[in-house]
Each structure stands twice: as C-alpha cells, then as structure tokens.
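First chain A sits with chain B, and in the next complex the same chain sits with chain C.
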Partner chain A sequence: MKRLLNGLLALFSSYGLAVTLLFFLFVLTFLGTWEQRFTSLYEVQRQFFDSTWLVYRRFGVPIPLPGVYLLLTLLSINLIVGGIVRIRKSSATFGILIAHVGIVTMLAGGLIEYHSSQKGHMTLHENGQRGPQQADEFKSYHEWEIVVAEIPRQGGVIELVIPGKQFIDLRPEATATFVSDELPFDVTVSRVARNSRVVPASQARGGGGPVIDGFTLVDLPQMKEAEQDSAGLYVTLSEKNGGARHDAILWAMQDLPWVVEMGARTYSVDLSRRRWKVPFSIVLDDFRKVDHPGTMMPASFESDVTKIEGGATERINISMNRPLRHAGYTLFQSGWGPQNAAPGTPLFSTFSVVRNPADSVPLWSCYVIAAGLLIHFVQKLVRHIQAENRRATA
Partner chain B sequence: MRTHTLLAAAALAAAAALVTSPILAGEGPVADAASPVVRAHSWLPETVKLLEELPVQDDGRIKPLRTVADFQLLKIRGTRSHRTPDGVKVKAAEWLLDVLFHPEHAKTQEVFTIADDAVLHAVGLGHEGKKRRDRYAYFELEPAFTRIMTLAQEYAHVEAQNRDTVQQGVLTLATNMRDFAELASFLDFARRRYPTAEWPERLTGIFGGRTEIRTSDAVAASWQLHGLRLVETDGHQHGADTDVTRALDGLLKDLSRTTFAANRLALFPAPGTADARPTWMSPASLTEQAFTADVPVEGQIEMLGILEDMTDSADDPAAFHEAAKRFHDASVALATGRGEYEKVPVEVAYYRADLMHWSLLAFGLAFLLTAWTWTAPRLKAVVIGSQGVMWVALALATAGITMRCIIRSRPPVSTLYETILFVTAVGVLVALISERIGRRGISRSVGAVLGFGGMFLANRYEMHEAKDTMPNLVAVLDTNFWLATHVTTVTIGYSAGILAALISHVYVGGSMFGLERRAPQFMKSLTRTTYGVLCFGLLFSVVGTILGGIWANDSWGRFWGWDPKENGALLICLWELIILHARMGGYIRDFGLAVMSIIGGLVVVFSWWGVNLLGIGLHSYGFTTGVMGVLLIVGSIEGVVLLAAGVHGFLRSRAAGPTGATPTLPPGVPV
Partner chain C sequence: MRTHLPLCLTALALAAGCGGYSSGGRHEIEIRRTLDEPRRGSDTPVDSATRFGYRRTDRGGDATAGSDIGYDVPRGWEELPPAQFRNPNFRIPGRDALECYVTVLPGGGGDVAMNVNRWRGQMGLEPISEAEVAALPRKTLMGREGVAVELEGTYGGMSESPRTGYKMVGVLVQLPMVGITVKMVGPAADVDAEKAGLESLCASIRLSAGGGMPPGHGSTGGGGAESGAMTWTVPEGWTVGGGGQFRLVTLHPGGNAEVECYVTVLTGDGGGVTANLNRWQSQLGLEPLSDAEVEALPTVDVLGVASPLLAAKGDFKGMGGTERDAAGLIAIVCPLGSHTLFVKMTGPVEGVFAARDGFEAFVRSIRQ
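Let's turn to the complex of A and B:
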C-alpha cells in the first residue's frame, strides 16, 4: 500500500506528468483554435475546453483525447504535489515556488468561476418604446429554461423553473417528464432542438415534427454563433389522475408564453433564455456611439444609466473598458443597435452582466506569478553573469 | 467581411459618378496616347515643404498632407516617389500637387502598378511593349474606366478569400483609379467660373455687378442668396417662379454639382472647439455648412478663396507659393486655435527623417561587419565597429518608436506594424545585453540578423498595406493603460521567443558541423543564452497573457474566452513551459532544447500572425491580408531546418551509442 502511495506520489509530482499534461493542453488549445474556423466558439468550448474527455475526428479517424477540464484538474494536483509540496525548498527554487503558488491560485479562481459564475446580458431601450428601458434581471447567452407559472386571479405570479441542463441535450427521439407537487399536471418535453423554427405544416416539406394547430417545429443546424440559436421543443401537460393532455410547441422566438386554463386556474409555459435577478434596477437614460471624426469607425460607446436600489438612485456612465461594478455584479458595455438607425431613432444598449465570486483572483495571481518568475529570472541572470565573468577571468 | 464588400461596391458605384469631372471626362488637355507628356513644370522646394506640413483630417485624425500623399502614392504605385521619363524624381507630395493642380499632366505619369497583365486582358486593354508587371498612366487605363468599375462592383461581392488574382487585381485597380479620380477632380470647383451676364440685376447686385464669380464668392454670399430667395418667394419655399428664383436655383444646382467631388480632403478646421465640432470640412461640406449652419465659417470661406487663388496661379511658381503660404498660415492658425496642430510638425519630421529606413541600412551594415568578424575574430576594430553600428541602428529604431509615441500619445505598440518595430528593437536590445554578458559574438550576430530581418519585414509590411501606420483605434483598444501593460509585455514575449529560436538555429547548425565535440564551451554558452532568453520570454509571455485576461475581464466581462488571439498567447506560454520542464526533467538536453526552441519560434509566429488569418474571434482588428504566403515560406524553411535537425539528431544518437556520449549538462540541472 505504501509502495502504491509512494508510486502515486512520485507520478503526480513528476516532471514527466507535467510535460505530458502541458503537451496535451498545447494540442487541445491549438485544435480548439483551429476548429473555431468551422464551428461556434460555444461548441468548441463545450467539446474541448469544458470537457473531461473527447473524441476528435479528422479524416474519419476518431482520436480519443483528454478534455481541458480533466487536464487542468490533473495539472493542479501535479502543481500542488510536485511544484509546491515536494519541490526542493531552497533559495534557488524560491521564485519557482512562488510562481507555482500563483498558478494554482489562478486555476482555483478559474474553477470557482466555472462552477459559480453567472454570465448573461441585459438589453435596455432608450425611452422604452421598443423594449424595456428598465430591468432588474439579465439573461444567459446560452442556457435555456422552461418557466411554468401560475397566474392567480388576485395578482402575483408563482413560478417553477426547469433548468435547461435537464432537457436541452435530450436526443431527438427522447422525452423527459418533470413532476412537481405544486402543479396539478406533469410536464413532458420531447423533440428538443437547439436551433429551430416554427412553420406552417404545409411549408415543412416533411421535415417537421408533429403538427399542432397547423404548425410544426423544424430542426435547424446550429448557428456559428451559438447565441443566435433559437431552441424549440414539444411540451405536453398531463393533468394528474388521468386528466386531459395539453400539447404545444414552445419556441424561443415566441413573444408570448403558452397559456393553458385548467378549471379555475390559469398557467403559462414559456421557453426562454435562463434569467437571473440582480439586487438593483438599471434604467437606460441615454446611449451614445461616437465615431472618429469623418469616419464610421467607432471611437467610443457609452450608456448613461440610473441605478435604483432601495429607493436610492444614482446616475452612472458605463463605457468600453469602464464597467459598473456593484453588489458582486459587473455590467459591461457590450452592444447596441439598431445598427443602421436613422439619426434621432431611439437606440438600445446591451450590457454583459457577470457575477463572478473570483473576479479579482486573476489580478492577484498575476502579481504573484510575476513576482515568482521575476525572482527566478534575476537569480538565473546573476548566476549566468557570474559564470561568464569567471570564464573571462580564467 | 460581407459589410466590407458591400461598402466597397457602394464606393465603386460612387466612383463611376466622378467621370463627369471635366478633366477626367477629357475636357481638359488630353495626352497623346502614343507619347506620354513629360512633366512640364516643377514645384518650388519651399512650396512643397510648406504644403507637406499642411494639416488635414484624414481617416479621423489630423495629419500632415505629406502623410496623405505618401500613403496614397504607396497604395497606387508601391513607392513613395516616382521618376518621370526624363529621370526627374517626383516625391509623393509633389505628385499629389500635380494631381490636384495639374490633373491633365498627372494623368500622363506612369504611377499605376499593374502586378499582372491578365488584369488588363480582363478589362479589355492592350499592353503591347509592356512587361507582365508594369506601370501605366491614368490616360492609358481611362478608356476602360467604366468596364473596370463594372467588373469591380461584381468582384466586390466575392468574399476576399475566394477571389482569384485577376479579380483582386481589378478591384485594386478600380479603387486606385477611384482615388486618383477623386483627387484629380477635387479642385474642379476652384477652376469653375459662373458667368453672371444672364442673371437679373438683383442677383448680380449681390456680387457687385461682376461678369463672373467664383465658387467662394457664391459660398460667401450664402446668407444674402438665402435672404433674396425668401424675399422673392415672400416667405414661401415653393410657388414663386421669377427670373431671380430661376437664376438662383440654377446657381445653387451648379454649386452643388461642382463641389460634389470636393470631398476627399478635409482641409478646413471646423469652427469652434475640437471637442464640440471634431469633424473638419472639405470644400463640399463647407459649402453645405455655409448655407445651413448656425455658426460663422467666414475664415474657412476665405481659405476656400485662397485655394482658388492657388489653382489660378498653378503655372506661376512664385504666385502659387504666395497663395500656398496664405492658405498654410490660415490653416495652421485655425488648427492651432483648436489645439490640433502641435503634433503635425513632429509627424512631418518623423517621415522626413526616415529613421526606420536608416535603421534598416545600419542593421544591414552591422550584419556585414559581424559576418566579417566570423572570418577575422581577432580584428578588434571590426568587432567594436559592428557592435557600435548595431547600437546606432537600435538608437535610430528607438528614436522612431519614441516619435510615434509622441505623435499619437500612445504606448509603443498599438498596431501590427508597430509590433514588428517593437519586437525587433526589444530583440536586438536583449541580444546586445546578452552579448555584453557573454562576449562571444553569438548574440551580436543573431541580433544583427534579427535587426535587419525585422526592419526589412516592417518596411515590406508598410509597403504591402499602404495604409497610415498610425491610425485611430477601435473603441476597445483605445486605452493607454492596457496598451502599455498587456500589449507591451506580450510583445516582449514574442521578441524573446524569436530571439531564442534564432540562437537555437546557430546551435543546430553548430551541432551539424560537430561543434559540440570541437567547441563544447561555445555550444554550452549558446544553450545558456537560449535558456536565459526563454526564461525572460516566459516571464513576459505569462504576465502579458494574464494581463490580457484581466483587460478582457474589464472590457468584455470574462477573463478567458478561448478566443484565437488569447489561445495564441497561451500556446507560447505552454510551449515554453514544456521546454523548461522537459529540460529540468532531463527529457531533453542541449540539442533538444535548441530544436524545441525553433518550434517555439514557429509557435510565436502562429500566435503573432497566424491567428489573424483565421478571420475569427474578437481580435479581428488584427486581421491582415497577404501574409499567408510569407507565413508559408517561413513555415517551409523551418520545416526543412527541423527535418534536417531530426535526421542529424537521429544519426547523432546512433553514433553516440546507447549510453549517449554526447557532451551535455546532466539531466535535472538547469543551466
């Protein structure tokens, strides 16, 4: 047992493992970059960088490879065991030790971000005529959810959410049923498509699913930019105790949710991007795109917003490289439109919204890594100069 | 990409309208196709000097007219000057003055480079007596103007990467002819006279009863003309049809038509402050402004009149100089009042000094001197000379980079062109410091190669792109803090990677010639230098890459997005970490370190240039065309080097036997 443990310890602290892991990381990073020519960054990230393993196919040959998630996990162990715990502690390795601590810290930050960050966008419209001018929630770029809400007659809404992870990767022929004690029916989803379009059955040319109210859902290839995908699926609400079944198509591009009446109760069912609440409201007062004089090249994008929190208001300017950081959330100026709007047309402004508990970790780890590498480099340089001086005087 | 092609199509469509220019439509002096007109005049040197310093707003920034002229001629001809058939050298600024003030002569100058005569076949032009790649005058190409523009509009809709050489050639020719036509017709308004003989007295009275007026006279009287119209129509915009309104409408239509083409150069600083009114005016926009604006533009209208004086006196050098000086002084006074002139003379000085060119020559000389020291290492004077010339070359490049920083008020690296300059300067500096430590002549030699190669590449890149190398930046890049930290550190990392690869070439070459056996100390010194440079590079690559992530976190809301450019930087870090860990683990020795450093150089090239060619990602502002061929050549050469190194390594290990008798450092002991 002890021999086994020692063997494992030797393996996990070895240069050989470090070189192997770094080499595979190199290969995957290169392949992941190359593949972006053909597929969306989101898909590449899922396949190469967020995975524990993958099968890469080239010229019809399947090549099994470890995923970056697995590699980084092993590299962290290798770094901790070999680069921090077992490394010879001396002045010569002091810089390396510090650099390793910095890298482990950064990887830990990455892990926290990967598992607990929220990323999405909030789009607000000037003067609110063509969309919301104020919001206290943001939507995911890629994640989906089904929201089942009861609309009580006395007002207010009771929501139940089915996270996208539980249905979006279902194979076309598979179904999934969701049950809740709070609902008088079960929810079954089927024929889930990441990108789809609802068309009249007569235009489907045999490519669609079942026809409901004269319409069918047609599966489409995924877009190069995954955030442009419009998911769709078939949903069935089966009243408990053998009651009636209600079928519908849910499509992400629908403006309004599907509304079902069951006796005296009314429910709405909607497929949409995942949403998160923020503990404050943002109102878009003005958006400006300033071009370099006499050109159409943007010099700056900026939004004047009002932050409302607990009755207190604050005027804030958000622009490129100057985000709003508040209450653990960060809002970045990331988009605007309509792109070809005539002068005077109300514009919309899109903010990327991120909640990342490890937001400041990269900066601190950068300081640590820089310090470690600098110490190591200066030590090597001094030794090199001394060796050359000795040679010259010999 | 799609937007670009549609914009190109729209621009070419607009160009077709320019053929209505009297000069371009052949109403001016027409050259005899059989015998090109020899340039019949020359500009006073002091006039050229004066106008080179004239501030212009072009591509969103204030720059000297010289810069506009340089890059325009570079784009059309591929050089910054040309020679007339009688051997007179014509500088870009002189050529631009020719085009503006003597378009009929400029049309006869052979400045249009056609890289492949198949382009002429495609547009239906003959090219008898010319080489496959040759230069043509505008008047030779003019008969096919319509055909060229029609084809170009068609080819503009083909994605850039799918165009063949003829399609690309036609597009290039079309845009060059459009540029020329815009400039040649720019002063049509200044040559135009409006006869007043048939006008009613109430209209001629505004102009003091003169028999003809100039464009500037009409623009200066804009409010009186406007007032007259209101009186004539009794406050109504439509409905009155009198002699006065008919003449007035005719004048305004003429004015609009004549100034339409005068849009290419924004020569007039706007009234007010630069913050309130950042956009300068061309004659066309000044005319529009005069009739509609709420701010006075008298000073600018006066300049419009001076421009007409310059046009009138184009054949009289002394009178032209006097008018040019008045225009220059008026422009400089207005620009200075707006705080927009102070960098213009610095930019003129930068291009006049041509520091990068002199640096290239100095590096070339340093390389020759260094090569001499290889055959005569005991010649101290040559050794000192080569080192001295290298320092001079580096000083010239550094001075040039510093001037660019002053001109644009930016850190040293913000464009691909500047990365070449910076990588070269830093690489040479590190090589010289390394030489100072080692004193073996290796780093000096490698530094000279890097310096010459880098400055040559910068020169070729500037010629190939033929665009202002100090452009405005897109919004996300417009931050001096991150340009100074992330971009600078990452670029230093590139520099170190390239330098380590070059030194490793020397090692591999030395190994092939048996120097590991015959000069082990020399070879060990090479390894130490490579290792040191790699450590230096890793420090800057890692810190630069993380800083890039922090910048991305500030700008886009995520630290790492697996964007191609980010991945490229990561690839450099990973490869250098692989090398150093493999070295420390004893998996590679000196020869392996050298071979892997050469591969590291390719990784740097991929990250620096290659990912830009993928045409994807958030760093698309780094995209550049036409470097694929160069990258393939570099990749092929390095492929041959690596193949030779592999064969040599195999034979070497067989000869050394199973115990490996080649002298190396013991595994696990970093040098």
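Let's turn to the complex of A and C:
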C-alpha cells in the first residue's frame, strides 16, 4: 500500500506528467483553433475545452484525445503535488513556489467560473412597444432549456426546468425521459437537433422526422455563429398510470409554447434559451446613441434604467464603459437596435449579463505569478553577480 | 512510469467519459422557478400552424422572418405560407419540384460572396473567389445592384437527398443591415420555363407601404420615390443608382455615373451643421468656414427648414480614400430636431455645377 501511494505521488509530481499534459494542451489548442474555421467558437469550446475526452476525426480516422477539462484537472494535481507539496523548500525555490501557487489559483478560478458562472443577455425595449421594457431575468446566448409549467387560473406559476445539457447531445436513436412528482405525466424527448427548421410535411419531401399536426422537424447544419442555431426536438407527454400520450414538436423559433389541456388542468411546454433570474428588476427608461459626426457609426450608446429591488428604486446610467455591478451580477451595455431603424423608431437596448464568482481571480493570480517570477529572477541575478564577482577576484 | 502514464490518462479519460446524457435514460427534474404570472401565450392551446408562425394572430411580440416588402405574385404562381427564411414563398402548379422564395435576412446573413458560395455548395459546385463573385452578372433588385446567379448541378439543398439535373437561379442584394435574396431551384427544364415569372417577381419587389425597412434601402425607380418615411421627386433625366452604406438613395444626374447625389439621415444633430460643412470643406482641401461665413451661406427650403447650401470646388479626398482633382461639391444640411437630413452631390466640377438646379429642385421636393 505504501509502495502504491509512493508510486502515485511520484507519478503525479513528475516533470514527465507535466510535460505530457502541456503537450496535449498544445495539441488541443491547435486543433481547437483549426476547427474554428469550420464551426462556431461555442461548439469548439464544448468539444475541446469543456470536455474530459473527445474523439477527433481526421481523414476518417478517429483519434481519441483527453479533453482540456481533464488535462487541467491533472495539471492542477501535478502542480499541487509536485510544485507545492513535494518541491524542495528553500530560499532558492521561494519564488517558484509563489508562482506555482498563483498558477493553481488561476486554475481554481477557472474551475469556479466553469461550474458557477452565468452569461447571457437582457434586451429591453423603449416604451415597451415592441417587447418588454422591464425584466428580472436574462437569457443565455447558447444554452437551451425545456420548461414545463402548470398554468393556474390565477396567481403565480411554478416552472419545472430541464436544462439543455440533459438533452442537447441526445443521440439520434436515444430518448430521454424526465419525471417529477409535481407532474401527472412524464416528459420524453427524442430526435434532438441543434439547428433545425419546422416545415409543413408537404414541403419536406421525405426529409425530416415524424409528422405531427401536419408539420415535421428538419435537421439543418449548425451555423458558424452558434447564437443563430434554432434547436428543435420531439416531445411526448405520457400521462401516468397508463394514461394518454400527447406528442408535439418543440422548436426554438416557435411563436408560442405548446399548451396542453389535461382535464381541468392546463400545461405549457416550451423550448427556449436558458434563463436565469436576477434578484432585482431592470426597467429601460431611455436609450441614447451618439454617432461619429457625418456617419451612422455609433461613437457611444447608453441606457438610463431604473433598478427595482425590494420595493426600492434607483435610477442608474449604464454605458459602454460604465457597467452596473450589483449583487454579484454585472450588466454591460453591449448592443442596441433595430440598427436599421428610421428616425423616431423606439429602440431596444441589450445588456450582457455576467455572474462570475471568480471574475477577479485571474487578475490577482497574475499578480502572484508575476511576484513569484520576479523574486526568482532577482535571486538568480544576485547569485549570478556574486558568482561573477568571486570569479573576478579569484 | 513511462508505461503507467498513458494508461493512467486513458483510464481516467474513459472513466470520466462514461455516463453523460447522450444515451438518454430517465432523470428527475430538479430545477424549479417561480413566476408571478404566466408567460405570454402560455395559457391557450393553439394549433401548430399558429404556433410555428404559419398563421399569425394579433398578439404582438417579435415577428420571425417577417417581410416588409411588397410584390406581385407572377401569373400562374401561387403563394405558400411563409416558412423560416422563406417569405414570401411560392409554388408553381404542375411543377411541384420547383421552389421559389424570397429571403430577407437582418444583418445580411453573411456577405454576398458567402451566400453565393453557399448556394454553389447546395448545387454540389466548388466555391469561387471574391473576385469571381465580383465578376458575376448584375441585376437590379429594389433599385439596388445585386448579383445574379445561375447554377446547374446536383441539388443537395439543406439536408435533402441529392437531385441531379437541377438548376438554381437567383439574385442576391446586400442593403445596409439587411440582405435580400430571390431564389428559384428545381429541375432545369422547369426553372427555364419559369424564368419569365422570376423576372416578373424580381421587378415587382418593393418596399411595402409604411414598411419598417431602414433608411438606406432606397427607392425602386425614377419619378416619385420613397424610402421609409420620406418621399421625393427624382429630377427628369436623373437615374437611381446602386446603393451604398448609410444612404437612403443615390441618384446620378443625367445618368452620369461620375456625379452622384445621395441622401443620408442621421439621428440627433449628426455632429452639427458647421462641423459637417467644414468636414466637406476639408475634403476639398479648403479652409474651414467661420460662423459668420456659415450664416452667410445661401439657404434652400427643405421640409420647411431653411437649410444652408454649400457649393464648393477643390481637390476631393473622400472618407473611403477616393481622390479626384477639380471636384465639385454641392450639399445641404437640414436639422430636423430628432434627426438631421444631409443631401450631398459630388463629382467632376462641371457635372456637379451643371446639375445644381436639379439638385435644388430635388431637395425642395423632399417630403416627410
């Protein structure tokens, strides 16, 4: 047992492991960059950088590779065991030790961001004419969710949410069933397409999936910009205790959710971009854009908003270099439209919303790494000067 | 260690890769979210045609692939319900394999070259270079110069089984912030037989009344013309030219391509009257005007506003790097409060000043 433990410690603290991991990181960085020629950045991140392993196909040859998530996990272990725990502790390695602590901190920050961050957008319309003027939630640019809710005759609604990661990668022949004690039916998902189109069955000419209510879902190639993909899938609600089945197509571009009546109860089922609630509400009061003279290129744009939280209101200006930071969320002024609007047309303002508990970790870890390297460099320099002096006087 | 290392990595990778959701299975729904009231449209069952936008109800919200263009259905053609990226959408009775539709893509859906090569890919053809795209025949669509495409090959379409002996014809035009394509694809003989109908459709496409299309989408021809909320009278002998970024319309006095007169509308003051006049002065290599000199400029009544008119000559250097010696410039700035109207005519000095009367008549004819 002791031999096994020593062997593992030797393995995880070895330079060989570090070099191997760094080599694979280089390979995956290269392949990921190369693949961005053909697919969206989001898909490359999913495939290469968020995965524990992947199969890269080139010239028809499948090449299994470790994913960056696995590699960085092992690299962190290697740094901790080899670069911090087992490293010889002396004044000569003090700077290196600090630098290693900084690197591990940065990797830890990345892990926190990967698992805990939320990134999306909130779009609000002036005057509420063409869309909501007020919102207390924001949507993901890339991720999906299926939302099932019972619609009461009056009062609030409880939404049951199936996150996209549980169905978006479903194999064509597989089905996934989602259950809850709060629902009188099971939700079964199948034939998931990351980008799709719903067409009348008469237009599909044999393509597409099963026909439901005269329509079928046709798979499309994914867009270069993942934000433009329109996911689609088939869903079946199977009433418990052997009851009836209800089938439908859910499509990202649908105008309305699928609403099903089961006896006296009404349920809605929707496929939409993943949503997150924020603990406050934002109302768009006014949006302004200033163009460069003589052009239609915006020099700056800003929004006057009212933040409503716990009954209290606060007027805030959000502009290109002055985001709103509150309750762990940051709202950046990131866009506006319609960009083809005639003068006088009510505009909408888009805020990028980010929640990242570790957003300052990269900055501070860089400081620590720089400090460690500086200490080590100065030590090396002093030793070199001393050695040169000794040689000169010898 | 050397043998252990790859084995460890592989074992870890396989272990970590097991599981996941790609195989399906049965899962508990764990995430709950509360709302104060139901989301829009979630309380009333509707049929699939309504849900997918094939039959719109008056419920507001965002339009998908909505079309603000007008058109005349060619004789013998029938209109289908709009589909994603197909609005309007047509069928030709007796030619069931033929598809014809118009696509309006906010943002353009990629540039013209990209879309030409996308169509070529659908026909099983190799992509062509941007220079080759630029050399393709031109066709006017909605008063703008577009690229005409005619392809023969094996049509794969979007995830359809390949069909040999097919032809694809179409026009692609890129307007500011939006791209418009008209496309017909089907068996080559059917396409050839319906080319006249396609020509008729392209000629009829226009902005619909009160359409929400942006400034810069131009007019559809000479005589009376309109763009968005503005109308004007094109002077006799003047032609409507190709589009450009930020322009409501571009005109050529006497059909002279070297002289161009274009209309731009900017929100706010667009930088101000004096700043823009002096920007034009500097483009001609001239000294800036003082406030007194700006005040002393002649004015033209545009939309009820006495708008200063600048008429100048010099060596022109434009924003895009265009250079011309002995250039003329005649322009007006019309501040309208929430926005500012600019009308500017540039070109060889003789051509510009010969068209001065027409310029003044044109700007006086602008209505909002």
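Structural remarks
Here is the rule we go by: the second predicted complex is superposed on the first by the 371 of 394 C-alpha atoms of A that agree within 3 Å, B and C clash if a C-alpha of one lies under 4 Å from a C-alpha of the other, contacts with A are read in each partner's own complex, and residues count from 1 in each chain.
Please note the rule applied: a residue touches a chain if its C-beta (ideal position, glycine included) is under 8 Å from a C-beta of that chain, and two chains touch if they have at least 3 such contacts.
Note that this is a predicted model, so its numbers are computed, not measured.
Residue contacts after overlaying the shared chain place A:246 against neither chain B nor chain C. Of the two partner chains placed around the shared chain by superposition, chain B is the only one that A:376 touches, whereas chain C remains out of contact. With both complexes placed on chain A, chain A has more residues touched by C than by the other of chain B and chain C.
Once the two complexes are laid over each other on the shared chain, residue contacts for A:180 go to chain C alone; chain B is not touched. By the touch criterion stated above, A:300 is placed in contact with chain B alone, chain C being left untouched.
In the superposition on chain A, contact of A:259 is made with chain C only, not with chain B. Judged by the touch definition given at the top, the superposed model places A:16 against both chain B and chain C. On chain A, the surface patch touched by chain B in one complex and by chain C in the other comprises residues 14, 16, 291-295.
Those residues of chain A that touch chain B in the shared complex are 14-16, 18-19, 22-23, 25-26, 29-30, 32-34, 36-37, 41, 44-45, 48-49, 106, 110, 113, 119, 291-295, 297-301, 320-321, 323, 330, 332, 334, 352-354, 359, 362-363, 365-366, 369-370, 373-374, 376-377, 380-381, 384-385, 387-388, 391-392. Those residues of chain A that touch chain C in the shared complex are 7, 10-11, 14, 16-17, 20, 52-53, 64, 66-67, 70, 74, 130-131, 147-149, 151-152, 155-163, 165-167, 169-171, 174-180, 183, 187, 197-200, 203, 205-207, 212-215, 218-221, 230, 248-249, 251, 253-261, 266, 268, 270, 275, 277, 289-296, 338-345. Chain B meets chain A in the complex at residues 57, 59-61, 266, 278-280, 437-439, 472, 474-476, 478-479, 482, 521, 525, 528, 531-532, 535-536, 538-539, 542-543, 546-547, 549-551, 553-564, 567-568, 570-571, 574-575, 577-578, 581-582, 584-587, 611, 614-617, 670. Residue ranges of chain C in contact with chain A, taken from their complex: 1-2, 4-5, 8-10, 12-14, 16-17, 20-29, 31-39, 41-54, 56, 59-62, 64, 80-81, 83-85, 106, 158-161, 176-178, 212-217, 228-229, 245-246, 264-268, 270-272, 275-276, 279, 319, 336, 338-339, 342.
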